[in-house]
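Each of the next two complexes has chain A plus one other chain: chain B in the first, chain C in the second.
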Partner chain A sequence: MGRRLLGLVFVYSLALALALVVYATGSLQPPHEIKRLGVFYVEETFFGNMTAMSPEAVTAIVWDYRGLDTVYETAVFFLAVVAGLAVFRVSKTPPLKRGVGLTEISRTSTKIVAALIVVVSASIALHGHLTPGGGFQGGSTLAIAPLLVIPIFSYYALLARRLTPGLLVTLRGLALTAIGLVALLPVFKGLEVVTNIRFYPAYILGQLVSGSLLLYNSSEYIAVASGFAAVFLYLSFEEEFHEEERGEDHE
Partner chain B sequence: MFREVLVTLWLFLFYIVYTGSTTPYDIATGLVVAALVGVPASRVLVSDERKLLDVKRYIHLFYYALKYMTVIEFKAHMDVVKRVFTMRLNPGIVKIPVYAKSRYGRLLIAVSITNTPGTVVVDERDGWFYVNWIDVASTKPEEARLAISAEFEDYAFKIFE
Partner chain C sequence: MSEAGLVWSLLVGLLAVNLLVSVYGIIYGRSLTKKLISLTIFSDTVYVFFIMVGYRLVYPTVPPVYVELTRDQLEYLAKHAVDPVPQALVLTGIVIGMAVNALIGFGIIQAYRLKKTVTARELVGFEEVE
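Coming up: the complex of A and B.
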């Protein structure tokens, strides 16, 4: 007991000493003044006139100031997913079998980790207009959950829950339609396409939502996650299934 | 019903810790996300609701987490640090029995073994763990178990069985 206590005291004093050194040298303290470049960006995207009302300059630029560019990027990714489906000619899904998967330990930890991944990815996407992150980053994070499930449980686990490439591509199509609608809705009120703050509210119940940026980020989150998940899924189908789909012989 | 609420609360807490902020926006979005994930996930994650209500299990879990992160990890690290200098290595893979039946209990034992330097669970088969051990003191399964996982298993029983 005495030695254990001694060990504990040693560990804590070491940690305390380290913390004190780090604090005393000031390496953990953030700078008190914002650099001029930072001030310029925050004024242009949040504090000044005619801004996107987002303190996160990257999101303001990506979805507002150069929104059309982002629409093309999203379209390119969508075409890549669809082209993949066309090349692999996935129109059906393999018949359901029982997958082997990995050990019970991997399965149990994956169940916990997958739930946490979904929560973290949602936080990244929903705070895209406030802190670094956004729809694409959140969606890519969310896609890790099916990517983990495929090797650890086998892809049948996803197919058994009706998560097929077809459904995921449909989901992606719907999310992209939502992005298009958010961009087009201001037109019906006589405003320009992709109008942000003049049409969408910057605050809802006193909380900053940065107008259309939150809507774009949420839709992009679903679009990117379902797109990546569809790709992961059809890339993991066995070659035999793809050959059967194409009607090729094994000779 | 209870497990849905509790899993949702845990996920909400995780959301808030990850986000690092507690504005009404964070709380509102956190509750919605946690409920959307927690309700379906609770059916996969929790099979015995009564264990969730047992306060004693939480106390054991908290005590074990504290002890593991301080005393057990420290001892294991110091052992490996000593071996780095003395190079007294006798590595090998041993087979140890695991008596815990619950999946979380077995997971706790496996990650406890792997997370301490010097031992790694490399496979699990028919109730046995195969552990890569930096200093094989015994190849007899029971003796190896006593040296590697007996303490972890005691807590696994108290927390999850």
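Coming up: the complex of A and C.
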């Protein structure tokens, strides 16, 4: 224990010494201006000639100006989840049992909180082009709902409602196909891949939807949430079940 | 020489040490899980550096989001908003980082299931599994 404390003291002293050296040289000051590129994005995101029609500059960069990058990023995330599930090699789901779950108090409060999580996450995702947030953030929030349900009600509660890993992975595949389609559709009209405002309408029924940004955000929302939920479900299966699965693999 | 400069230097010092500690953890951590935790600390520290690069010291500092869709707001944001580029890069980085971490996590769980250990030296056979 003494050695750990000594290490901690040493590390903090090192940080302090480094900070004092940096301060004494006066070479590092917080900037008062941002880079020209940043100003360009802030100015162009809604009013400029190269507008993405989004009041939120970060979403505009992520899904419009650097949209191709994000499409690849989504592909990487998808492949990681698929690779993880492939490592587990679970082909079927455990047989349904009837569990009691935790106490009445925790079950009731979880029901209320889970409903709230769904609403908040949908708001984060669907307002992604207007306020800070977006598909990934909303999807990660939504994935908390099954993560809460699994320990409180047991994963049988999800399986009994047909929320199986197979369905979730299928949902994820469909949402990713939607992202790919939204990115590719402009090509058929002779435009570049991931074209936004020149192909998709900025306003629908008087509501600002920022072209493809809303479509990307909502698809990413479903993709991320179902991907995480599938992973959580696989991780919550009992170790005995995984052993049985492996045993059958070897035979 | 200002208070802001001192706080800035302190942040840089702490982050630099954070990087060192996480690299130490990645190299010398015995268990793969601890190596993974160190890796996440490393990447998170890099993200904070990114966000620092995009910060600007003006009053008030605002996020690059239009509160109202007017030309006045545009001029206000050009003078007060932080840089949106590092934020977008960090967002991409977080997603990729999480994908990689999840994959490594799966690998560690599977290694434990097959070999009943997550200690790096035991996994490669340099030490006996206890």
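Remarks
One rule holds in what follows: the second predicted complex is superposed on the first by the 204 of 251 C-alpha atoms of A that agree within 3 Å, B and C clash if a C-alpha of one lies under 4 Å from a C-alpha of the other, contacts with A are read in each partner's own complex, and residues count from 1 in each chain.
Please note the rule applied: a contact is a pair of C-beta atoms (placed from the backbone, for glycine too) under 8 Å apart; a residue touches a chain by one contact, two chains touch by 3 or more.
From a predicted model like this one, the values you see are computed outputs, not experimental measurements.
Annotation for chain A, partner touching more residues between chain B and chain C: C.
Of the two partner chains, chain B is the only one touched by A:H127; chain C is not. By the touch criterion defined above, A:E192 reaches neither chain B nor chain C. Of the two partner chains placed by the overlay, only chain B lies in contact with A:Q207; chain C stays clear of it. Look at A:I61: by the touch rule set out above, it reaches chain C but stays clear of chain B.
In the superposition on chain A, contact of A:V11 is made with both chain B and chain C. Using the contact criterion defined above for the overlaid structures, shared-chain residue A:H32 touches chain C, although it does not reach chain B.
Contact with chain B, but none with chain C, is seen for A:S109 once the two complexes are overlaid on the shared chain. After overlaying the two complexes on the shared chain, residue contacts for A:V119 are found with chain B alone; chain C is out of touch. Across the superposed pair, chain B and chain C both touch chain A at residues 11. Residues of chain A that touch chain B in their complex: 4, 7-8, 11, 103-105, 107-109, 111-112, 115-116, 118-120, 122-123, 126-127, 205-209. Chain A meets chain C in the complex at residues 11-12, 14-20, 22-23, 26, 28-35, 37-39, 41-43, 45-47, 55-58, 60-62, 66, 69-70, 73-74, 76-77, 79-81, 83-84, 87-88, 131-132, 134, 136, 231, 235, 239, 242-243, 246. Put simply, chain B touches chain A in their complex at residues 7, 11, 14-15, 18-19, 23-26, 28-30, 33-34, 37-38, 41, 44-45, 70-71, 74-75, 103-104, 106-107, 110-111, 121, 123-125. On chain C, the positions that touch chain A within their shared complex are 1-2, 4-6, 8-14, 16-17, 20-21, 54-58, 63-67, 69, 71, 74, 77-78, 81-85, 87-88, 91-92, 94-96, 98-100, 102-103, 105-107, 109-110, 113.
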